[in-house]
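One chain, chain A, appears in both complexes that follow, with chain B as partner in the first and chain C in the second.
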Partner chain A sequence: MRKTKTGKLSAVNISLPGLRAACLLFALLPMVAQAETPQQKGLAIALEADRRDTGWQNQTASLKMVLRNRHGQESVRQIRNKALEVDGDGDKSLNIFDSPRDIKGTAFLSYTHALKPDEQWLYLPALKRVKRISSNNKSGPFMGSEFAYEDFTSQEVKKYRYQYIRDETLDGRDTFVIERYPVYKYSGYTRLLTWLDKEMYQPLKVEFYDRKKSLLKTLTLSDYQQYLGQYWRPRQMHMVNHQTKKSTDLYWTDYHLKTALNRRDFDRNSLKRAR
Partner chain B sequence: MKDPAAVVRYASWVVRHPWIVILITLLLVMAAASGGRLLVFNTDYRVFFSDDNPQMLAFDAVEEQYSKNDNVMFMLVPKGGDVFNQQTLEVIKILSEEAWQLPYSTRVDSLSNFQYTEANGDELVVRHLIDDETDLGDVSQRRKIRDIALAEPILLNRLVSQRAHVTGVNVTVQLPGENSAEVLQVAAFARDLASRIETQYPDIEIRLNGMVFMNNAFSEASQQDMKGLIPLSFGVMILILGLMTRSISGTLSTLLVIISSIIVGMGLGGYIGFPVTPPSASSPIIILTIAIANCVHIIVTMLHEMRTGLDKKSAIVESLRINMQPVFITSITTTLGFLSMNFSDVPPFQHLGNMVAMGVVTSFILAISLLPAVMSLLPARVCETQNDETHLMHRLSDFVVRQQHKLIWGMTLAVLLLVAAIPRNELNDVFVHYFDQSIEFRQDADFMAENLTGLYVIDYSLNSGQPGNISDPQFLQEVEAFANWFRAQPETIHVNSITDIMRRLNKNMHGDDPRWFRLPQERELAAQYLLLYEMSLPYGLDLNNQINVDKSAIRFTASLQTLSSNELLALERRASGWLAANAPHIINPGGSSTSLMFAHIGERNIISMLTGTTLALIGISLILIFALRSLKIGLISMLPNLVPAAMGFGLWGLLVGEVGLGLSIVAGMTLGIVVDDTVHLLSKYLRARREKNLDGEGAVRYAFRDAGVALFTTSMVLVCGFLILALSSFQLNANMGLLTAIVITFALLADFLLLLPLLMQYDKKQPATASVKELCHA
Partner chain C sequence: MIHRLLITFLYGTLAGGVLPASAGEGEWSGYVSSEYRAFLYKPVDRRQHGNNLSLAAQPEYYREWGGGRQSFTFVPFLRWDQNDSERSHTDIRELTWLKAADDWELRAGIRKLFWGVTESQHLVDIINQTDLVEAPDGEEKFGQPMLNLALIRDWGTLDLFILPYFRERSFPGVDGRLRFTLPIDTNNARYESSRKERNIDYAVRWESAIGEWDMGLSYFNGTSREPRFEIRPDGQALLPVYDLIEQWGLDLQATSGDWLWKAEIIGRSGQLESYIALTAGFEYTFVGIMEGAADLGMLSEVLYDERGDNALTPFADDIMLGARLTLNDEQSSELLFGIITDIDDSSQLLTLESSRRLGNAWKITLEARAFLDIPDNDLLAGIRDDDYLQLELARYF
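For the complex of A and B:
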């Protein structure tokens, strides 16, 4: 008797979130229904994520990086980040380094591109010059961390081919699990397994697979906040390198979207002015 | 055991119920042996170091700060003799791409993916030295690549030889270290990749080396020894057994005991979790060799008794009665000798010692249970021929009795001469030479040292004292001076220092003006150059393996010629001395590397083995005093126990002069073995004095007649067994085998020619009866 009672009770408990998930699924159904193959469905999800994150124009944020080696030794870097949304291409971003002391005032301007090498300039205050960096490389470590620059900059739809894998619940949140395959020839990755939150259309977790298709790093994004009633931004990113056992934490603060920044704040002349 | 009546009762029971004994022993043997399935060939050189080895801890700390540097080195040797031809450059590019597929690879360094930087106005161009735009068909482009490569300190003598006849593709791997299959997997993949490329491009030979192949060589050397030497030793031992016992059933039953002892020793080792390493892989041969001795004593006595007219079963009982005590004592002393290896600082020797100890104990138990049981079932015929050996022993005992004074003086002189040569031994070895030339790794390591770069390395984590301080101009200047100092040393092949990158960047930042090819003079500038450069590097070619996270320290690596441990330690002392004297801004925690770990290990092991050997000596002496029931005789016996090892090391000093890791265990190990001769000889001598009331001379003759043949033959067996070990492709085993064989030979000489004359002298001084009384006083 007792058993059936508890059984019924728990069944009721389960059905509530289940119902919510079902409602959500129905809401998404029109979009999903169009996607027939896993590839199409994956692309559709990516397009939807892109659509929802369009229109923020520009943003500023502060960024603290904490690097940790196998030994547990830590090192901190402080960066101010500005970004400009670019229609039909990768975003432009400007990073101003505040610490460590020796690189204070160094500014890094980058025009990211989906399929071409990024355009990059660095202002070196010690040399009082802007230097352009010409390189094919995108997946190298950013400031000695476990992040490549491309890991936390704009994720253009064109950068990847997609495949929908499955639905999964991750830490109590419903996600699409999709795989992304870099199209760029010089990428250090072969695929990115991504858990995309169904409500925010933002990634909660990304697994990076290296050239030999082994798990290289795992990125966990958390503490999302919504800005301007639309745009979700994570406040924490945690990257672990499984091969070297090193890790890096990113802490984002002071997000401001749709500020007064404009295109001129992102040209190479702006670099020297950036303080 | 002490009560002879109990032994007779036991032995009679065994021969009456052979099937029960056989069934029980074989079941136990099989249960223990099934642990053999847990034995794994170890493929990590780190197994040679105890967990608290300070050199390993230092090296681990460096690797944790930067990155682990286990590697596979592909050496490309074009038949044309020049690596800068079109085909070879193409192959370098292909191999550099393919090498990323190596399991656990985290980094690939080669001529083609070298991150070449040049200035183009205010542009820093960072690209692969050979990229997709490079037209390798174009002679001028190839010449440019050649000029850049041969002028680049990062590449020259590391990835390309001065003569440009060999080039390397170096793959760094991060082995998770979870199981020994990892190394095998990487090595197999690398070999397969190399052979695929060789097939496709027959004009290019590829040789493989690096840490992964060194690790792999440990497992290959173990397997080679097991495949080659174990069958050989079985063959030789069967031959000797047959000759000695002239009995098929004796040979067969001994073989049964031996095989059982080996599989029990190894099986129990498997249960405990001992890995198979070249040292422990030699335990079957050692168990085999020692187990034979126990059986031989019992069988020889039994056949002797049958010749004198006893029936088989009575002969077996009589043989056990006579041999039980000496075989028990010799087994215990041998076991103690091998257990002394537990004091070794090198775990594989602990594994070896324990596996052999377990095998020896097993062989004792089986020699008094399984062996008599089987013998009682098998038919045994006795040849009636007069034994030549006994005749020989008569003549030998005559000689010893007649020449006792001359022998004492002559032997003493010989002993003193050899002992005087002990200091000629220098503690020294070359760890690459642990493997002989039959091992591919050794051939390729020699080739690499002669043609491309050094396998020997010293790593320094040069600390600047504070986060970010590596950009301090004074620090950088001192590092550069250190690099220059190292490059001037005759032992040095290559030096990897971040200062080379700094100089190049400074030049690039000034429009490639060669006048700026020097270190930046301001701290901020250096830091910003590094930031700029790091920002441009691709995946897997970052500087994280050379700069620590808070930029307080850099990894500085010197690659060296193949050096002996003394030369390496001397160089490291010179280098650290130079730093202390000339580099006030550098905090140097001291060099560390695999090479240095091996350079220290011989000395550490000798020190740790001193305790072990001393304890074994004390334990064995106590056993002897107790067993022989005489303090004086026990003490006298110490002489022939200690003298052989001293003589052996003396002879080694005259012939070789270098003592390495393998020899550091010989003293303790042989102590337990050579003591057996003394025990057999002394127990017979004392029996003659006590039971037969003979005088010294008579007792010597008795001891020769009764134990001489057995001692001679068991020593021969032991010498043959250890000489087979001397054929090992693993030099530690080979040297250990050779020296052990020498020591055992000296032990026999010392027993026959020194101990017995001394005993006669000792007994002459007092009347026989008094001596007997004293000796019999228990």
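For the complex of A and C:
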């Protein structure tokens, strides 16, 4: 990336000597910045989205998950979600299941990392057992839903390469369309085509392409609300699997940001007392 | 029984005393279940029963306050068994008050907990007594009265336990299946401690997770949860003998890619000669088999006990092979198959456990066990004809 910039600048330098060259150089700088590659622009958008969503410290929310099979039969999971923002690393999250009742109290603790493998523990209340589980299973379904584990854990900037595709109006809202390519091993996707709202810098739609590069799922996010005057959170997510015709709806409620939670609420001890 | 009631009452009062008026709404959950066991062969002893029906219930009351940093939990358990009066029993699985601060947690009351990482047997797990009539694999436990302080530091968690009351192991009665050739006389248990079940046991455990490694180091001093046996003077039953022991334990797991490497090692003294025992092995998971959502795990563990044929466990020199199929579907369908083979005499223990949810509140579990080529002098000789199939249906609320 840097080579491109330097190349353009030196070309200017050679053709025009002296002070004039320097003036021209300054005049040209904004233009040069705009003449970034699609990769640079994609990354810049991702970094801006990340910057705007930094500083929420921690969050709690309730989550209702409605699974629908191809015949339209529904099953429901009720989950409490807690997340902790970690400076310079991926976030920590704790998901506790309230229903179905046979898995009530089951808790899933995840430490996301940008480049190292994630660390994950599962608490099984019937056995009182904390199990460290392999984090390679990123592409596996989260509790039988159409969401994979990797859709659920925090979306670190470093986990993808980026490319800006185009601007587009989606349902009356201006969006950047960018593509993300997972750089971490074991992802179930080859690319994620993402419609990012220009005002909120939050995704409105994501298309997931599988390892064979065919369209696997579409995620639609809606009913965004702003918290603490800065942070946008969706209240509905709708995921359709085009290959199995199954779908999963997520309904988020009771978002609370910057609560009294700290890292102690995200350790293995907290798993055992999670309810 | 009276003692048990007294303890229940004391803890009940304690819990009542610490529950502030401002505590949030409590909530009930739990399950009721019915189980049918079909035995494939006639019993070894004519007094033992044939096919069997059994019912169980385990309600749970939970109430928390102080932003979840304090809580009270009450979990009674009841079972009724058609044929075995020893299996019809009640217990208090949990009756605990918890206070969690930033760098410590205090728990007082009756509790269940688990230590360890391996699948075929649980050597390190020593705090809770096994409720053997519940499940022949020893996975079900009695509630243990305790005072437990956990110190939470950057270098890990240090758990300190005072265990003021001992629970005897349950064994199937004369009528029951899945027992030793001679029944166990649980009314005349012998203790090394003059205080018997009131001996005060204690335990310490450190555990931590560093990178790919999860590890625990534990020490226990008190009455052995696992008894040895003496023949009753009339020769008609076995008496459980509970010695005072010291036990060190180490459990380790390395999680590397699709591999889980596991080991548990214990050293025990005070129960006849000192010995060490070990379980070690791996689990490898094939993720998303047949291009679907299902995972297939392959497991293998070696089970070793220095005492060999004198061991109190049938798993002195054995190898376990297993497969775990997880469909990752809406019904959480799972299947676990395992074979434990004795390297010396080639006797085998086969286990199949499979479950799935029905609708949102029901769960059906199929379990099968078979005991192959058990020699007449083996510790398991009494169960050689007790191969069974079990279907359990549970309703959760």
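Here, the second predicted complex is superposed on the first by the 238 of 275 C-alpha atoms of A that agree within 3 Å, B and C clash if a C-alpha of one lies under 4 Å from a C-alpha of the other, contacts with A are read in each partner's own complex, and residues count from 1 in each chain.
Please note the rule applied: a residue touches a chain if its C-beta (ideal position, glycine included) is under 8 Å from a C-beta of that chain, and two chains touch if they have at least 3 such contacts.
Model, not experiment: these values are computed from the prediction.
In the model built by aligning both structures on chain A, chain B clashes with chain C. By the touch criterion stated above, A:I103 is placed in contact with chain B and with chain C alike. Touch criterion met: A:G144 reaches chain B and chain C at once. In the superposition on chain A, A:L122 makes contact with chain B only, while chain C stays out of contact range. Judged by the touch definition given at the top, the superposed model places A:N69 against both chain B and chain C.
Comparing chain C and chain B on the residues of chain A they touch gives the larger count to B. Using the contact criterion defined above for the overlaid structures, shared-chain residue A:Q243 touches chain B, although it does not reach chain C. Once chain A of one complex is fitted onto chain A of the other, the partner contacts of A:R132 extend to both chain B and chain C. Within the three-chain superposition, the chain C stretch that clashes with chain B turns out to be 333-341, the only such case among 153-161, 207-215 or 333-341.
In the superposition on chain A, the residues of chain A contacting both chain B and chain C are 67, 69, 75, 100-103, 127, 129-130, 132-137, 139-141, 143-144, 186, 188. Of all the residues in chain C, the ones that touch chain A in their complex are 29, 31, 62, 64, 67-68, 71, 98, 100, 102-103, 105, 112-114, 117, 139, 150, 152, 157, 207, 209, 214, 253, 255, 257-260, 285, 287-288, 293, 295, 328-332, 357, 359-361, 363, 394, 396-397.
Considering their complex, residues 67, 69, 75-76, 99-104, 117, 119, 127-130, 132-137, 139-141, 143-144, 186, 188, 260, 262, 264, 267-269, 272-273, 275 of chain A touch chain C.
Residues 61, 63-65, 67-68, 100-106, 120, 122-127, 131, 174, 467-468, 471, 509, 522-529, 531-532, 534-544, 547-551 of chain B touch chain A in their complex.
Only residues 67-71, 73-75, 97, 100-103, 106, 108, 120, 122, 124-127, 129-144, 148-149, 186-189, 210-212, 214, 243-244, 246 of chain A touch chain B when the two sit together in their complex.
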